[in-house]
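For reference, chains read A, B, C and D in written order, and residue numbers begin at 1 within each chain.
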């Protein structure tokens, strides 16, 4: 959406960070590329795709040329493009590692879709590759960049709800297409857990700023459903935090789209419902005095991410959700799967401190 | 509330079932006795209390006489009162057994507050006593007698939501008074679980008509909080049903009042929020077509219970929520506590069939 | 509902104000008499009814005796009852005047249902009768005694919404029974306007504290509908206030029950929906920051009225909604009907000042 | 948003209707041009603007060339462009006539923003110009092209609400900038009435399919507010339909953004709140059985308009909201202003039949 065509701000243009979008699936086409158009600090400078024709059509619509389109084979030639300072990897999970490593080798900063990898070891390798190459790495957790989620976090952390006691989150949706890569274990690394359940997990960690100490989980993989020959349909998991705080979570590819987050405190409670869509988030904070539903101006979640990472590329500071933030979710998801398999509680390594894996806070509308 | 004073329907009067209310605490005073006034099939014929003065004041307001008031010592003399056909036991949980047994011995039918006892063995003894004496026994699960809960059950059982996948329920409230009997293990048999968490458990069993096969639970009893020297503050529990269906539940005495129930199906979902108060229940049924919030005329939950049990006393049929229904909740809650203590999954005995412990369905407004 | 039986507070008993309820229809039976039970400052000491049997049944349930029941013929004998200090007149509108005058003559203070009379002249005669007899008179406007309506008023008057610009209110419900006295012009004085539309009118006057300067109205009386041979089915009216503030109102006996109030200000808006039922009122206050729905503890609207008037009887201060408040609504409703008949704007006499017809503010939960 | 770049559907490309967007203000930049990208039947082929530089920047982002940009002086040269089959006029109201007439003369079909002109005579001249030139003319009433508004219309017209009795609509928002052309009488033709109040008016006419028989209105133009030296701040108006149906409406530039529509029927009611924004419309249909909030897939209101008009250009059928539909709103708004000035009811010419001014119904998601 060309609200602010380049011609209107040549001075900004020179300083915006050029991104190559790696992978042009639905998310790129419908969300990321439009978001880049409205980003203040980022723009799309190149496209990487397996289908050159499709890439060229998109390039045209972006005011780019066929020369800005690269196939996966040509990917490493991005190293020659000084105007491409960063890549945004939007590929099936199992391909993240290769494409991050190649980008790092080419000296490009990396914004990588969630989940960061297919398991903790894979994700750690991604972190190591970027660290070794001296490039920035950010996991694209859009729900850590919205004013609604920040207002929820603020309500929790500034004591508005009193001492937090319990949390509850649901993120389910129907995955219909048996051919989707998200249903292939080798490509996805798991089923709904790393795809949609990760929002519950990650957002609970974000609003509390705490890490779980143990997990318990049960999963279900129905017999005879062609969609679930490789990955689970549903996972129910319980996360145990310090001081007896417990979070209950549900995720599934088998139920009508629902996304919620509740935080229950001694003196107040908050509800996000829906909690995780691209827009239309609704936050309600309740205490003895009543219910409050804060309003925020319009914004784009993906622009928020682009802007934050572009600013970190410019200032060299650690992104709010660096690779380590993505690794930690994998550590916990690995434990969730282990618990589901063993039927036992799995204890996690103790993590000290608040926001242990996070960097510089983003600028968020409505936050000071 | 004397909407229909007796004089208006002498014919009914002779056939209504006279109840003795055993225990005049807040629930009796504020809910049960007013409800009895509007009951079609029941009326209050006697009061049993430890404080005669208080009992006589209530008697007066009910159009009863001081002779209709009995102390606990005089309780067995109810046997002489042919007009008292049933008792409603509204005492601390640990006293249920004694007062049910004495009522049964006196030939009175028994409506007993939930939880039926303090554990499964205690509850079973209550069932046995009534069976032995040939009197009816009903557990007072008011949420199995409302049109909203029946509409939720119907949506689940008639397939409106498609195949059920997952459930989630929260029932928490702040218990402030460290002296409350509900915080004494000997009197209550547990903390929030048998008091408020039981609503989640019982309602999940009711709407699905199914029994869980296993449970996992974690509980928290904070150090240094005078309220929780004997019982837990919070319990998080997971119930596993056939076909991989799992229900996540949260209950606590430490968080702002919240009561919810969600049922997630392949083609639809339902939400009750609030799910368990005496009035103001709100049910939303959602599917691809939209959200539907059914309306029901006004009714009183406690009158619904009185009427159902009085009808069963008259027709001799098994109540919808007999003692066995109450025992089953205790069996599960015992397993929840065992899991919380051991950190292990606890498997439950297999129960075959739908509504395994229930009797004759009640008449509910809005149901055919 | 005998929450606080007399025996528990003999000291209060002697000072509570005894009321005679005059007319035992649905409102008395279902709302007023139960409310009187929970009133802190009032109690029912006598009943006046055309059906002695019905009255005696109610008396019994209230702990009164047959001697506390009076027929309309015996009404004046209330003068002999020093324990009856006030009457609550709950009769068809056209009977208010006679029964207020007889009460005044007997030295009883008067709480009179709304509308006060059948037109402004009739209402003024009621005021004059009470003034002449030196007894207190209060119009029973329950929506001026709830915490929700006071919170709405406060939001308007303390500037939270900025300068008020426009208002809008709807109060409609279906009146089904062609035989209802509310459909007889001689008994009711009008149709939905004085019965339900009066809530919109009165509440707009209450929240603004202002009086309208002009009215315009249209009404509809359908041909061939047996219910509307004497009175109108619907009235739409516009009220013009100072500074160009206008309120649009709709009232009808022909549409599904709806009750709303909106106040639109420069910086905020408020919505009550529903705005006028006996319970379940919902207030939302909105500004740039978001939406706030305040919570209030439970209360009974009718107890609020009883308590306020009983306190005024004790302290001799002018009630918040005296007879004059009721007259003013009639003055405006007379103008509404005149406008509807003539098709012309009708200008009202200028009224100076804020809350021109009101007395001592009530104690309302949640207000300081 | 290049979801479906041209390269993917060359066959469609040749048949889509090329539009010239005339005027590149906020609406064009933020809504119309992005909407054209997702339109199935239309695309932007040229831009007309007073600022060539701005136009060229937009052109670039649309994959157009500088040759596709025209100044107002060059506007008539569009006649040479056979690929430009239609214009979308998005200029201040008083300029509509000139730019429609010039387009008509050049043989271009015309989609014109609402209000069609500055008054009924002006709007009629626009209609006449298009008729004379044999080109299509459509008034851009986006709220006649959404699934929510069609579902509301359907509920009304298929009897789901029973006989309709009353309607109520509010559309207000704060207009802050005293320099805005919308506040200049010469450019806008009026204040909030033709800009936002027209939505209430037009949507009421749309859902009922009926035309009002009379209007009454009051308006307010505050002294000393620099914004309102030429146009009114607020208008309250009442529309009288056949059978005593009345609609109350409020519009203003002085109050916090609010947009609602209520339709009250004998057996049901509907509420749209918000009723008129670009997205996030919420419709609730209520009857005795409960409340239903239908869901619709995502869509773009402006794409809906583009598609409908492009289809009519192709098939030669009359658009659903032709110029005559726009004239009729002006006829009524002229009467509203006359009533506000005179303080008298203004009667309108009788219009027979349902949807008297409308053409071929649009395809709307969720409608058959």
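One rule holds for everything that comes next: contacts are C-beta pairs under 8 Å (C-beta built on N, C-alpha and C of every residue); 3 or more make two chains touch, one makes a residue touch a chain.
What you see is a predicted model, and the numbers here were worked out from it, not measured in a lab.
For the pair chain A and chain D, chains touching both partners: B, C. When every chain is reduced to the mean of its CA atoms, the largest separation from chain D belongs to B. Separating the CA-averaged centres of chain C and chain D is a span of 44 Å. Chain B and chain C have Cα centroids lying 39 Å from one another.
The mean-CA centres of chain A and chain C are about 57 angstrom from one another, to the nearest whole unit. For chain B, the set of residues that touch two or more other chains comprises 288. Chain contact summary for the complex, chain B toward chain D: residues 288-295.
Chain A meets chain B in the complex at residues 161-163, 165-166, 168, 170, 172, 174, 216, 218-222, 233-234, 236, 238, 240, 243-246, 248-250, 252, 254-256, 258, 260, 262, 264-269, 286-288, 343-345.
Of all residues in chain C, those touching chain B in their complex are 1-3, 5-8, 29-30, 33-34, 37, 53-54, 56-58, 60-63, 280.
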